[in-house]
């Protein structure tokens, strides 16, 4: 898949109203609404408590220990984007810190998701610039080798195409294809409405066994109750 | 050991006053009072800062990627219980979230310890429903395969029998057999009283070398001081 | 390298004014000022949010599951020191807790860095006694086997000599040789001054591509822009 | 559960003919015959290619970095036993090597399963003394702290009672309760007979879809074939 | 990206002569010839020493602890294919063993690459049926939940499209897009020819410093030689 | 400690007769003879079964994903040396392969120890060029950033000075300071002589309990035998 040394300047971002709609849901809800696909591996974690984001992906393919492409990415960032960075190999160096965050935000970015490390964690929290990474690491990086911008990239085992919607919160990071954003937002809304009814029932002490009518199937499979 | 497809409805819980007594101590103290046994592996972590719990175990044996038995467990929960879930294999999926927590609390549960993942971490923190898990993960689970309820289960390398007292805080999770709860609570109280005397001495600058009379044994073993 | 069973009582600490100077910078800045060497592996993490420290190293070499040498270390601690503990093997037991912290602080210590586990995490946070460790673990330790104090020790893959300056915050832990402390502090100050100019430019929307004049080199290497 | 400082000298070993019967099956088969319980976590690996064993458990509970109890265990070993060692915490030190293996074999042991490290891996292979461990590590251990012999012990998340049958090969390690050994051996034999019929069918190109009559259920669940 | 519950029966396989051409090269060479993209993460390892394979991908998307889709995959296998299986989450269960291998081979498969565990490792070695997996694990799986066949799937962080060429040996697993197979095979041949000239020079004691004319650039960057 | 961009051309190698003497012992024996210090962490493993080496260290400090310094190192290699490479951060890329091995051997090197990955594992085995690494990985590296040669370097948590003796086999990798090589070789010989006497006793069925006179101390500590 990957091309190296290329910057794609024109990408098809998800429609703003769909991004807006998706931003109202948590990652677990969006992931369910997607049919349980598109989730990054759970080793990607928020850098500070309470970090969350929703925006359209500008993708970056990085080389290990080299953050050059994050500078190149910032030029492609538009208001409402999220930089989403994969790496050609596993690397936990600190590719990103407060200066890059300042630059990225000035260009309109809502945050970063990176299959690598970041640093300046305290400053990022103070700025409330949400970063989701695999490590916090003071180790800096060089600028020596080309990667690419706005190519499809695999990040924490999830495929991200430029323009996809990225939703991230404490529960993880999910990728919604740009063309499915409206459909997924609708499904998420429906799911959430459905859950609020269930919540009230659970609060009243109704069991999932009854609410979901599980008892017959459990009995069929042979579940046995003993005193 | 394990039986699959069985729900034991009658279990011998530790006496309420013993649970109450144990609830006043931290995990490190209880673990010492146990003689340094019964601790889960430290990869089980609180889902939010400040989570802690103490209660009697309703155990669940889960299948990978399948949270069906957690619904079955809720029916067995009584006031003051903690659901303690092991899995037949390693799995970090999000077996548990806010709806199950709502149901579990409505039945009287004080929290969950799970050798698996959980989701809705923000909502759990808002509810202050303490969960100790090996991962936070938006990935949901199915309801397809039987496990068991209230069988002995190994969770993070610790054996848990139904009715045992579970004490969990930032330092980890410890399992106190129901029949030893009173004895362990007494030992913990004694230990804590002993420590408070030592604390004052340490604050005064007395060294452990002197307070514990370590110098002769260190010298015997050949510890050498050089300028 | 290591000697076992030895306590060196006389060490050359970095000059207090150099420690003071270094204490004003974050770990990422100091690591850059060092020329990007001397950083511990990122698995060493603060035990509580906001922990940070800067001081001179009293080193301890520990045996697995044995914290005896931490008591011996406390006698060598002077005002402004940090205890820095390696282990002869990998071990995540809880070598250190609130009583040792009380003793250590009474002797003048500013905190602990340990390639092992610690416990009493809540109490450490309440005391604001900064600990950087590889695990939180209620499992206690014995006092049976000799290690050493104030020998050179490797901690999380970084060499620490007694008297070196240790700077630790959310981004990690960096070791500054005592003889280089003044030089590194000066370089850090220079770097920080330099960064503040850049920060303003970035806030104005200037790109790193221009600020660092990266475009010619990227073009030389063949970076290609496509629509 | 665990008692420390105790050696139980009398244990109920599985019947020799049942051990003999179980020794003819691989671990995957025995695990299926058990109903898919009793398997150790897969981080326990054979120290050399081709290692396998089947015998009755003499259990040891070890302290980190301390192999004293393995010497105590050897006195309890009878012909046909396997030493099965857990540890009160995670430790990858080299608890066991060629001299202990020589002693253990002289007492009648058929091998070792240890939730820790071992060393002298080349010599163990030359002796063909099968060891299943979590690491190979030259780091030696001390003899300073008591554990126990022939108490129930959790090893790699599996509960082992003294006298249980341990079956280990390249696929892992499974624990068969002494009282179930005959029943499990019979189930394993039945399963293997059943598999040999299937094997022939598969070799002829018959699909599992047909052999197991899966197509209707797949269709029911909505599996869709497209060109 | 992923659809669940779908079997694509028609895929565009790489041309047989291109697969044949690629089969002559090692993974490291093919990966270089690809421009250093398309490599799976190195946690995927051969199940036995000497395993290697080259063929066209039939992809499978699995659910955790559920190997149903591997049976469905076998129906789609043609001579020269390799089954390549991802999972919707991390799971190290033993999804695949000797019976499935027998069936898969009877349909023409050359091996399996799976981001999960496999079992019957000894039998697979005896059959010389090459499997590349993340674990060896006796834990079996169920047949309860739908995945998909011949959808694009991410396996160990590499995107695999049905029909792509998979090359695997001791050094890892690389994915060559079907449409690039000829071009990559040519580049690999060229690279290998080039290397054989270098090999002879190295054997004569010529240094890479001279063979690759590195000295000027090293000097430019400031490399300093000291006695 | 580390300087970057420097090649030290003159180093003090351990005396050849001491290296020769040490080469007769296994790593576990040498590590014991060292007093149980100087061992690398056990994640460094031989790339092929049976790999072993003993020689004097030429050290290299590498940058992540960059093997340039291994070419520079080869110029410093003399007959009987071992290249020992650390990295400024964790990196599992394939820094080293068959061509570099060919060059290294032509210069007199006996093998490589690297806190990184290597590739061409099959070719290395065929050449019998022993490599001890943390990963096997086809991912290649660039030549862009300076490290250093023959500076002290920490490799897998062990400090290595240029000229130290490196002994590596299946049990791990141990570092013997050049000035202690003779003393350690003598201690290893003594230890091995001592062990051969014990081996015979163990073969006769004598227990370690008696051979090492452990019973009184075990009784003192309270070890209790029960029927």
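First chain written, first letter: the chains are A, B, C, D, E and F, and each begins at residue 1.
In the analysis below, a residue touches a chain if its C-beta (ideal position, glycine included) is under 8 Å from a C-beta of that chain, and two chains touch if they have at least 3 such contacts.
Keep in mind that this is a model prediction, so the values were computed, not measured.
Colleague: Using the touch definition from the top, what's the fewest steps needed to get from chain A to chain D?
Modeller: 2
Colleague: Going by the contact rule set out at the top, which chains touch both chain C and chain F?
Modeller: Both-contact set = A, D.
Colleague: Examine where the copies chain B and chain C touch and state whether the two sides share over half of their residue numbers (same) or under half (different).
Modeller: Under half shared, hence different.
Colleague: Just how far, in Å, is the C-alpha centre of chain F from the one of chain E?
Modeller: Taking the mean C-alpha position of each chain, the two centres sit 31 Å apart.
Colleague: If you average the Cα atoms of chain B and of chain D to get two centres, how far apart are those centres in Å?
Modeller: One centre to the other, that is 27 Å.
Colleague: What whole-number Å value describes the gap between the mean CA coordinates of chain C and chain D?
Modeller: Their C-alpha centroids are separated by 42 Å.
Colleague: Counting only residues that touch at least two other chains, what does the list for chain E look like?
Modeller: Correct list: 36, 39, 49, 88-90, 92, 137, 139.
Colleague: According to the definition of touch, which chains form touching pairs?
Modeller: So the chains that touch one another pair up as A-B, A-C, A-E, A-F, B-C, B-D, B-E, C-D, C-F, D-E, D-F, E-F.
Colleague: Using the touch definition from the top, list the residues of chain A that touch chain F in their complex.
Modeller: 63-66, 88-93, 137, 139, 142, 144-145
Colleague: For a test of understanding, state which residues of chain F touch chain E in their complex under the given definition.
Modeller: Touching chain E from chain F are residues 5-10, 49, 68, 71-72, 74-75, 92, 94, 97-100, 102-103, 106-107, 117, 119-123, 135-140, 143, 146.
Colleague: Which of the residues in chain F come into contact with chain D in the complex?
Modeller: Its residues touching chain D are 26-28, 31-32, 36, 39, 42, 45, 49, 169-172, 174, 195, 198-199, 202-209, 212, 214, 218, 221-227.
Colleague: Show me the residue ranges of chain F that touch chain C in the complex, using the header's touch definition.
Modeller: 1-2, 4, 35-39, 41, 88-90, 152, 154, 156-159, 177
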